[in-house]
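One chain, subunit A, appears in both complexes that follow, with subunit B as partner in the first and subunit C in the second.
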Partner chain A sequence: MSYFNFLMKFGYRNIWREPKRALIMILSLSLGTAYILWILNFAEAGSKEVIKEFLSQYSGSYQYTHPDYYPAGNTKKFNAFATISAAEIPSEQKINAIPRVVAPVFISGNKKTLGVLLNGTLPEEELSLSKLNSSVKYGRFLDPKNSNEIIIGQSLANKIDAQIGDEVALIGQALDGSVANDLFKVVGLLDFGGGDLEDSLSFTTLFSAQNFFVMNSDQYHQYVNFDMERPAPASSTLRVTTWHQLLPEISVSIRFIDGFTKIVCIVVVIVISLGLSNTLMISFLERQKEFEALNIIGASRWWILGTLIIEVFILGTVALLIGLVLGHIFTIINFYYPINLELFTNGKPMFLGGMLIHPYVKIFPVAKYYWQVSLLIYLFLILSMIYPSYKIMNRGKNAV
Partner chain B sequence: MNNFLFAFAGKNIWRHKGRSFFISFSVSLAVTVSVWVMAFFDGMNFQIEKAVVNTNTGHYQIQEDTYAFNTDANKPLVWNNEIKSLVQNSKAISYSPELVLDANISTPEGSAPLLTIGIIPHLHQHFLPIASHIIDGSFLEENDDDFIIIGRELANDFKFNVGDELVLNYQDHLGELRSEILYIKGIYDFNANVFQKRFVYISQLTWQKLFFGEFTDFKFNRIPMIFNSFEKATPAIEKLKKHFKIKSWKDLNPEMGVVLDFHHGMVRLFFLIIAITIMMTILTPIRMLWQERLKEFRMLHTLGVSFKDFWIIGLCEIILMILISSLLSTFILGLILGIQSYTGLDFSFLNQGQIIERSGIRLPRIVYPRISPEQIYITVVMVIGILGSSYTWSISRTLKKLKAEI
Partner chain C sequence: MQFELKNVSKIYETGQENITYGAKDVTLTIKEGDFTALVGPSGSGKTTLLNLIAGLLIPTKGEILHKGESITHMSLEERTTHRLDYMGFVFQDYQLLPVLTAYENVEFPLQLKKIPKQEIKERVLWALEQVGLSQLKDRFPKQLSGGQQQRVSIARAIACRPSLILADEPTANLDSKTSQEIIDLFKKLNSEHNLTFIFSTHDQRLIDQVKTVLYINDGQIAEVKEHQ
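Our next item is the complex of A and B:
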């Protein structure tokens, strides 16, 4: 033990004989570590916040449907005849969930007839679970007591020439095979910032939609769950579609950004390692004479290598600890002062899946990154030691 | 004298080949990775832009005022010689005056909304390669009447074949609901499925007869235009803005426009981080390299070498290191980008090989990084910035120490 203590002391003293140099090395490694930790926390929190912001407006986290509702698994097509009932949904899955009737219809105004997806929903649940209400910029949200009210996108309203208070005709296919058609009163206009969904979504009460499509009061198309923390359950007789399957384009975009962040981290570590390796090599080689003297008084090459490894280990550990603390502090700061992602778009609003989103990323610490980053830094520290160590071991033929 | 100092600097670099190579390699690697990321995103953005432009959008669109506000097709402008010459003088490489009608079809297989576009076939063929992507039947000709071109996806979903009748439902210029029979002349396979299901093409003759009841002149609600590049079109677009309402593809597809801006923002942040990291990491070795020569400098100073000469030696070393690093970066970058601009980078693993469509376009599965002269410029500037500032700081610190010693 005293031998190891001696090695530790020796290594530690070697670090501080060039304090400025050691400080710069520690600083560069600490800042690199802090940045990597912060950016990984940011990526994780960013993805979650963006997705949460987006999903909570309309799509939800996952949904129960009849296995045939999405023909051949294509979530852009709908088989309105494939319905489910509340009795088929496990009771714990009804918490934080909204039953919906969702089928394509044509909407006809003064000037045009356009295709739109009609959503029949429960207004009270929608108000408490989703953020749909916040997108109603003109008029009001649906009144559960009234029937045949409709909310449409502002852009759609412009195109078909419909104002708040106007009546629009809906034409679709009823479940009894007849042509469903009825008049609906426009009570609100959705503002998704001009995104695609402003043209393609419309909402009415569940009762009105069931009436329109000639459905029973216990027939639905979707049971949409808004619990963002709970994982999607395994499907039994019904189909469970997660948002990843529902919106694969969004899922891929998020995974791409996450992948890019990880690549950036690796690149930063490689760049730091190269610089560190260079610094270590110079610092070891300038001590050539010392090593020879140590050899003469009986220290072996392995002993010298041991002191150098301990020196680098101490330096790396100090830098790593400082880096983790700094990274954690920056993360916590951005928890209380969230980052607006519009910083990345020159202040332009962000769109996702045809909707306007305003993501303020509240960065939170993710425990796994603390040990993953530490392992990564140690791994590259070892790699950066290889070449300088090799040079030291081969430095003199006369060394012991 | 300067030649001698230059040779002196060269020998200084050469006497520690390993260290010089390490420093140069670190800088080259950082610069290469940064510029490669830029090239990668340039390539991806270019592919996204091209995909959006090819959804019958163009880089820019001239739009008639009412159409620009609510896509009302009732007040088209006449495609006359004055407008023709304005468009031709804008240096657009292709353009297509179009009339746009929102219609729908309803069959036992289901119903679907259609964007029915009235085109002048010979102009549209230059604008979008629909004609060369006809998989069954043929494309429209100038005087074709009652014929329609549909996409593969629509044909598959509704079991349509060439020669079949298609009943188009729409509201005419008076708002009256009408249903008219058209005959399918061709089926195209081009762009994303969403595009193929929604975009159908008829001649302007047919369009005007359907909507207005008669054909008068060639007219347009919009003229999508394609330029050599989006950025280079700006001066011409500024001129056209004096006459017409103009919308860019970013206005028409804001979601993908913001994606591009987001990519630019990410690349900028990446550059900043890499620049800071590499500066921090090479500063120590460069400073050490200079400080271990302190004794030499003292001796040289005793022999009469002035501080100004030390600075010149340092400057020569900077120039040589910049040359080595720039050449190394450019070579590695050229090699990687040269290969990848042909082979591309396959990202289909992100979604198990499935084709992903977003905001009306098919997202690229294979991204081809883009080489541009701007990248070489950025490479050299970055190398100069990193090495120049690190060396300058190290030289000044060493000479300050030397001054203090003597």
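Our next item is the complex of A and C:
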């Protein structure tokens, strides 16, 4: 214990031989640590908020369908004949979920006919669980008491030349084998910021859609769940499709952003390590004569290296603790004062998957990043010591 | 018999075909209680000889023995441990660790040897008492004069109770009064505790007061002078 205490005392005092240099090293390492921790927390929260914002508008987190609803697993194609009933859905999965009828139809306005995806849904549930209502910029949302009302995208309305109050004709494949066709009254126009979804989505009430496709009242295509926190459960009888499978391009983008953030963090750590390595090098070389004297007295080169490692680790640990506390404080500040991502786009709207989103990122601490950042900093402390240590060991050898 | 140098030569290659002898066929026996000065002009080979005895240099030819065991064939780390176990060093510029107090500087080699805490305390206090610095044990080197720093350096050298103390120009940085005090201290340690000293020096006062003077020239012992 006495020997260990002596080593620690020796290492600690050596750090403060050059107080300004030690403070600069601690400051750079702690600010780097704080930045990395904050940016990782920000990226995690940002991804979650962006995904939440995007998914809560329409897609939901995951959905139950008949196993054959997406032919061969292709989520861009729909088999309208593959339906499910409410009884097939586990009761706990009906909470935070909206049953929908979703199938392709042709829509005709005054000018032309185009293909769209008709969504039959429950307006009250959409109002409480999704943000679809907030995307209706003109007209109003669906009234559950009225039948054959439709909401379409603003861009689609322009293309087929349909205004609010106009009737549009829908033609599709009914489940009884007949041709489904009916007139629907446009009551609202969706504004997704001009994105792709404005051309391809239309919404009516569940009842109207079931009537249109000649389905009974307990026949649905999808049970869309909006629970963003829990993972999708497995099902032996139904197909469970997550948003990652439904929107693979969004999933890839988010993963790219996460990966990129981590690369940026590693680059920051490398840059700090190089600076640290250089400072350590100067500090060690200044003490070269002292090391030689220590070696003459009887301290082995490994002992000398050991004391240097202790110095760097004491310094690194102090800086790391300060950095983690600072990073945590910054994170908590942005928990109470969320960051508007539009700050990074000069106030211009953000699009994701053809949808306009307005995310406010409430940053929250993510436990795993605290130990991951600590390990990363220690790893790079070791790396930053390699070259100075190599020089010390080699010089010692030459001197002896 | 303590240390023995048998036909030891050290050759420095200074160019493609240029070689210089740091030591040339030196044969020397260092016995317990010796109080010897290596004297000679700069570049004569005094420091080379000290470094060879210390195991800091490996001879090109010949052998160095301690208690019959060859130092020459020891590994780098073994030679370091050998120095720690059997030798003390006093430097011209003291080489105290600035971050440690006088007490801790003396404690340093004892800690390296992992001696029990209580024994370390006894040895450090004994060594500091021998050099007359018991009262200043808590001072850092920068709070001590040159002479006091050299006393701490001597205390550090004797604390391990070495077989041999090698001192390289120990009085070179000191004024004449302090130099004499340090020489008196060396003499006291030699006579009272039978400690063995080898000095490399230009200081005539020290040369006059040692028991044996070895005059070194071109790496060879040119003359041996015994003082009564």
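One rule holds in what follows: the second predicted complex is superposed on the first by the 390 of 400 C-alpha atoms of A that agree within 3 Å, B and C clash if a C-alpha of one lies under 4 Å from a C-alpha of the other, contacts with A are read in each partner's own complex, and residues count from 1 in each chain.
Following the convention adopted for this analysis, contacts are C-beta pairs under 8 Å (C-beta built on N, C-alpha and C of every residue); 3 or more make two chains touch, one makes a residue touch a chain.
Treat the numbers as computed from the prediction; the structure is a model and nothing was measured.
Of the two partner chains placed around the shared chain by superposition, subunit B is the only one that A:T113 touches, whereas subunit C remains out of contact.
Of the two partner chains, neither subunit B nor subunit C is touched by A:Y337.
Contact with subunit C, but none with subunit B, is seen for A:W303 once the two complexes are overlaid on the shared chain.
In the superposition on chain A, A:G193 contacts subunit B only, with no contact to subunit C. In the overlay built on the shared chain, the residue A:Y360 is in contact with neither subunit B nor subunit C. In the superposition on chain A, contact is made by A:V267 with subunit B only, not with subunit C. By the document's definition of touching, of the two partners only subunit C reaches A:N295; subunit B does not.
In the superposition on chain A, A:L27 contacts subunit B only, with no contact to subunit C. In the superposition on chain A, A:F4 makes contact with neither subunit B nor subunit C. Measured by the number of subunit A residues touched, the leading partner among subunit B and subunit C is B. Chain contact summary for the complex, subunit B toward subunit A: residues 18-19, 22-23, 25-26, 29-30, 33, 69-72, 74, 102-104, 110-113, 169-171, 175, 177, 194, 254-255, 257-259, 261-262, 265-266, 269-270, 273-274, 276-278, 280-285, 287-289, 292, 347, 350-351, 354, 356-360, 363.
Every residue of subunit A that touches subunit C in the complex is listed here, in rising order: 2-3, 6, 9-10, 13-14, 16-17, 289-290, 293-303, 397, 400. By the touch criterion stated above, subunit C contacts subunit A in their complex at residues 54, 56, 76-77, 79-81, 83-85, 87, 89, 91, 95, 97-100, 104, 107-109, 111-114, 116-117, 120, 156.
Here subunit A touches subunit B in the complex through residues 21, 24-25, 27-28, 31-32, 35, 76, 104, 106, 108, 110-115, 158-159, 161, 172-173, 193-196, 248-253, 255-257, 259-260, 264, 267-268, 270-272, 274-279, 281-283, 286, 341, 343-346, 348-354, going by the rule given at the top.
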